Amino acid sequence: MDLDFTAAEDAFRHEARTWLAAHVPRTPLRSLETAEGFAEHRAWERTLSADRWSVVSWPSAYGGRDRSLLEWLVFEEEYYAAGAPARVAQNGIHLLAPTLFEHGSAEQCARVLPAMASGATIWAQAWSEPEAGSDLASLRSVGVRTAGGWLLRGQKTWSSRAAFADRAFGLFRTHPDADRPHRGLTYVMFPLDADGVTVRPVRRLDGKPAFAELFLDDVFVPDADVVGEPGRGWSVAMSTAGNERGPTLRSPGRFTSAARRLVGLWHAHADRDDTGLRDRVADAVIRARAYQLSAYEDATRLAEGGAPGAKSSLTKVFWSELDLALHETALDVLGPYGELADGAGDAPARGAWAEGYTFSLAGPIYAGTNEIQRDIIAERLLGLPRGTRRA
Amino acid sequence: MDLDFTAAEDAFRHEARTWLAAHVPRTPLRSLETAEGFAEHRAWERTLSADRWSVVSWPSAYGGRDRSLLEWLVFEEEYYAAGAPARVAQNGIHLLAPTLFEHGSAEQCARVLPAMASGATIWAQAWSEPEAGSDLASLRSVGVRTAGGWLLRGQKTWSSRAAFADRAFGLFRTHPDADRPHRGLTYVMFPLDADGVTVRPVRRLDGKPAFAELFLDDVFVPDADVVGEPGRGWSVAMSTAGNERGPTLRSPGRFTSAARRLVGLWHAHADRDDTGLRDRVADAVIRARAYQLSAYEDATRLAEGGAPGAKSSLTKVFWSELDLALHETALDVLGPYGELADGAGDAPARGAWAEGYTFSLAGPIYAGTNEIQRDIIAERLLGLPRGTRRA
Amino acid sequence: MRFLLDTEQTAFGHTLDRMLSAADTPAVVRAWAAGNHGPGLAVWERLADAGVFAVAVPRAYGGMGPLPVELCVAFVALGRHAVPGPLVETVTAVALLSRLAERGEPAPAEEWLPRLGAGKARVTVALADGGPYALDADAADATFVVTGGHHALRLATGHGPVQPSLDPARRLSRPLTGGEPLAGGPAVRDAASYATGWAAFTTAAQALGVGLALLERTVAYARTRTQFGAAIGSFQAVKHRLADALLGLEFARPLLHGAAVALASGAPGAGAEIAAAKVAACDAAYAAARTALQVHGAIGYTAECDVSLWLGKARALRSAWGTPAACRARALELFDQ
Amino acid sequence: MRFLLDTEQTAFGHTLDRMLSAADTPAVVRAWAAGNHGPGLAVWERLADAGVFAVAVPRAYGGMGPLPVELCVAFVALGRHAVPGPLVETVTAVALLSRLAERGEPAPAEEWLPRLGAGKARVTVALADGGPYALDADAADATFVVTGGHHALRLATGHGPVQPSLDPARRLSRPLTGGEPLAGGPAVRDAASYATGWAAFTTAAQALGVGLALLERTVAYARTRTQFGAAIGSFQAVKHRLADALLGLEFARPLLHGAAVALASGAPGAGAEIAAAKVAACDAAYAAARTALQVHGAIGYTAECDVSLWLGKARALRSAWGTPAACRARALELFDQ
């Protein structure tokens, strides 16, 4: 048992650090939840991809570097330490790509993944519906069989970044006579500018159009854009769900970097005699370090053939609550400046915390609410009996 | 709206304070959960009662002073501020007496209450059974009809202070053909030294026999010792349950006094630079004050004809969690002395906190677990739908 | 002792609640956040007519006060309906100028208090202990500034650019320096300290109202929103979170009323009572906000959902007019011999 | 990097778990609490045979260590089975004397370490930063004392009366003053500081084991205990509390392993890693204890229920060898540039 990086891993870290130092924009990009910021972030994806830094853990055939999970963790540490931009391509990379690797055809992989890696195609997820949030299996949007493909009808919601994205992936009910709600679903990919698609941007708390509602009126999807077997979409999607909760969506580097920044903020701004606040800063440090070490464990286990399984639910609850606590602490450290939104004139030196805080508030909700995750932890990891969720 | 005590209330407070200053034992009594300590506490009840201080809110006919709830709160503030002994008679006074006032016959009141007020009879409750804890309605112990009364059979448990008490009160299933679990129960009083009663003391965490199991083998109870109508015991008992949760079981004076002692402890022992600890001491102060003021509200409402209702569930959760947090904070203030049990030689100056801590650990469990209370709050105060309690 | 709102006080709250329910405050808040003060100022006038500011202003200046209990009732209603504007700050200015008059500087009080009590003026304040910003200076007729160190009171000559807050309806800006000093020295120092107490007190009351609104709306949502074939309010995890939210709010209220009574009596311990109420009310409101967001799920995270109007406010009020740490330090005095 | 126990380390833990499961440790703990050390000393011998102490003792003194990862595995098992005795303190003494030898004072190490590694002696310690008491001095062959200020190492001439702890199996007493100084000065100061780190580290490992035992037993109880016609483990409130207990323990483990690796490498940052592990493990164990008690209900509150053997220990370990506040202050260094 050790924490020693190999010479190759150290060299990789050094290469990443050097590249990032030379390429990370000096001026922060505008928010990716705005039209102009989205374009800036897409350009950044292109820059990353040009030197093969956008998807380091993917096969080189699709634009990656065939790197291990551990090396990906190293890259992420360097990425966030360098203050590099948020990843506008992340929904495709972390949610759709793992599904394609596992269930996609060779033709789909070859067609979809390189364009995803380069930022040419930005993907949005289309899971939730107005009546299907936590209860995802109760989806109502349908896919009706037609010559050579399917016609999608219905409504999707909470589609992150769909206001500006190119394509979306999601589940549709194609076999309405299936015997259980989570059967008879099909996993499809479709363009957001197709005939019959209406995108209505939805503003999040801070007013930015961070997600959208999608209204689908006989949107044609060719068979080539069905992932996995029609009617088996639930199990196809579940492989994605594990990824969404695990460390690959929110890498430890993000939190170790934020915790370091928090310590710096505390040194710069806090009433140093307030040890109650110092304790909370320390808790953020301790939890970020725990998450980092836990991911090293996971990477080791994976390298030896293990699987994350239901542990991804523990991970999701942990990082989402860490993220929130860390940002709440930062706002308290800032005292009277803590309530400034990131658009405030006084904010450049301080305001990244406000956007981070707003973002962190959603953590316990998306990717499966923490209530659902705790049910899963109790039932699958602790073996407690299932129930009806009612009191 | 004011916080002004009347001249009469002030005079009462002064009278109580003067009496307590003259009578409270200089040396703390031994723990009432031991045989010798129990005897000392019973003697103290006799002292209280001799000058009519044991049940100030009762009618004078039964040994009280006809005082209002507000005056009782005043008495309690003075009682705890004076460092007076724990009340070994409290289960009778707070749980059985209110039931008798509401459902007992005049004969029962005249026979039972004066002896309770004087400490001549110490009462234990006999609610729980091994298979009926939170789910109290699933009681199995029975009362079988016999000439002039009932024969009790079965087992009761978690009977506080029954190791040394004189009599007990509880519910027994007398009408086994009732259509619902909480119907067909009868509320009875019985002596703990009666034929057929076996008392097995049970040691709590610190080894003291703080409660007992009762094995009942055809214990005869005359009709005169049935409270309320046979078969209606559940509703008779529920009036007691409200009392058990409300301020009358754990008066605010107990917590304001403990919070004051905690502030003193903090001044004497804490690392004064540890503002994190100071924040927790402040929280205990704030919550104790909130509970005190909330009880003044309740007293005003009661004086104007209002009823506590389901608010008693809020109160029970509040004081039990305050008590625990306050004692956890005290142990942390004590640092390396925090783990000393109250029997430790170094403990006299510090150790009352250990017994208080152990006692506080049980608070979220007894008198209806806090989980049950939160269900009640959600359903009765917030109007949320009932459910099955399962997830 | 009678520690409960009397019939008139309760009726005052109900009147305000009814008036504000009819005023479509969500639309008013959104307009205010966009810099359109018109609808908010119309509400302000009606609040003044109902006596909300008069209960802060002493009788000597044409008011009915100071009546802290009534003020508390009013600010709970203002918080419950998310009414925007320099409400706390106007009351703070009233306290500042009243106290200054008592300490021998009556001119500013005579000039401003009658108009403030009648709702004919709105003002904001920046006091040394309250951070560098003044709230809603762009909607105020004057910004009173007390600088640290010198303890000079002056009227700001204007304000810097509006700094948006996590609560979009709170428009913060720095007062410009300069401006004629109105008074100075120990009297200003004392008045500013006194006024800061009223600011914390009304902020706490507003926070309690914010928490109550969040809880009410969330309970209503949990009763109707179904998932897994049942109202989500029937799930024990949701129930217990909502029960905890109620618990926090229910025990903050008596502290707030206790602070009001202490202020009314002029007791020296009022500062500690206010601090305790501020901690409890703001913690309870923030906890209610976290619960409201979690129980609503994604819909609660949108600016389109009215709940959002209270979420940011609960966060902002936590640090406004007294941080949690500063208030806890002060509250300790309650039981300090 | 390979950040996971290897096969031998895992097997070492399983061996100890099996041995201790067979040893009926609840009865051993109750005997120890009553001052009957016999059964506990028998367990001690078997632990020594399995190598628990040898992994702490350097090879130069006949041991196999120091092997912090193996020590961590062992102490998790010791905590899981609530094994009584001056276990942490014996390891602490080993670290103290080893370091002292490195700093030029080899005599005490030569005298004690071979016997400690072989389980032929048990010792306890009282170090200035660890409070005034020595654990289980009445069962120890020696009590090493380092006083504050002078930094003199001496062997206590005896101990005061046993002071019962909230964990009845922890028998505390004050070492008597006097006794021949064995060493003094900066070497002792450095060795005591170094040893305190090992004490915190093994305490954290023990706490993790305590938490795991509490969770395991409580999950088993929640699966079988029925109320309202269902296993209580099917109620969402119970599920979520148990899920939270697992969450705390699951993320304390990597911190503990990280601290072990840091100790093994002699990295200067080991102190901060240990502090982080101590906070996380002790918080997680205490949270598991509170959950265990609440889910068990009254039965868990009795001395007759085996769960009680872990409850008091979880509380005591929180403040033993480093308070939460002191550890947090230290852990901040992890990310402090």
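Think of it as A, B, C and D in the order they're written, each chain with its own count starting at 1.
FYI, contacts are C-beta pairs under 8 Å (C-beta built on N, C-alpha and C of every residue); 3 or more make two chains touch, one makes a residue touch a chain.
In this text the structure is predicted, and so the values were computed from the model without any measurement.
Asker: Which pair wins on C-beta contacts, A-D or A-C?
Answerer: Counting C-beta pairs in contact, A-D comes out ahead.
Asker: Which chain maximises the distance between its CA centroid and that of chain D?
Answerer: Taking each chain's C-alpha mean as its centre, the farthest from chain D is C.
Asker: What whole-Å value do you get for the distance between chain A and chain B if each is reduced to the mean of its CA atoms?
Answerer: About 52 Å, centre to centre.
Asker: From the mean C-alpha coordinate of chain B to that of chain D, what's the distance rounded to whole Å?
Answerer: Computed from C-alpha means, the inter-chain centre distance equals 38 Å.
Asker: Which positions in chain D are in touch with at least two other chains?
Answerer: In chain D, residues 230, 234-240, 324-325 touch at least two other chains, as defined above.
Asker: Where does chain A touch two or more other chains at once, residue-wise?
Answerer: 274-276, 278-279, 371, 374-375, 378, 386-391
Asker: Under the touch definition given earlier, write down the residues of chain A that touch chain B in their complex.
Answerer: Residues 273-276, 278-279, 375, 378, 386-391 of chain A touch chain B in their complex.
Asker: Any idea which chain A residues touch chain D in the complex?
Answerer: 1-6, 9, 70, 256, 259-260, 263-264, 275, 278-279, 281-283, 285-291, 293-294, 296-297, 299-301, 304, 311, 314, 317-318, 371, 373-375, 377-379, 381-387, 389-391
Asker: Name, in rising order, each residue of chain D that touches chain C in their complex.
Answerer: Against chain C, chain D makes touches at 235-237, 240.
Asker: Residues of chain D touching chain B in their complex?
Answerer: Per the touch definition, chain D meets chain B at residues 130-133, 160-161, 163-168, 170, 172, 174, 226-228, 230, 234-240, 293-294, 297-298, 301-304, 308, 311-312, 315-316, 318-320, 323-325.
Asker: For the complex, give me every residue of chain D touching chain A.
Answerer: On the chain D side, the touching residues are 1-6, 9, 69, 219, 222-223, 230-231, 233-240, 242-244, 246-247, 250-252, 254-255, 257-258, 260-262, 265, 273, 276, 279-280, 324-325, 328-329, 331-332, 334-337.
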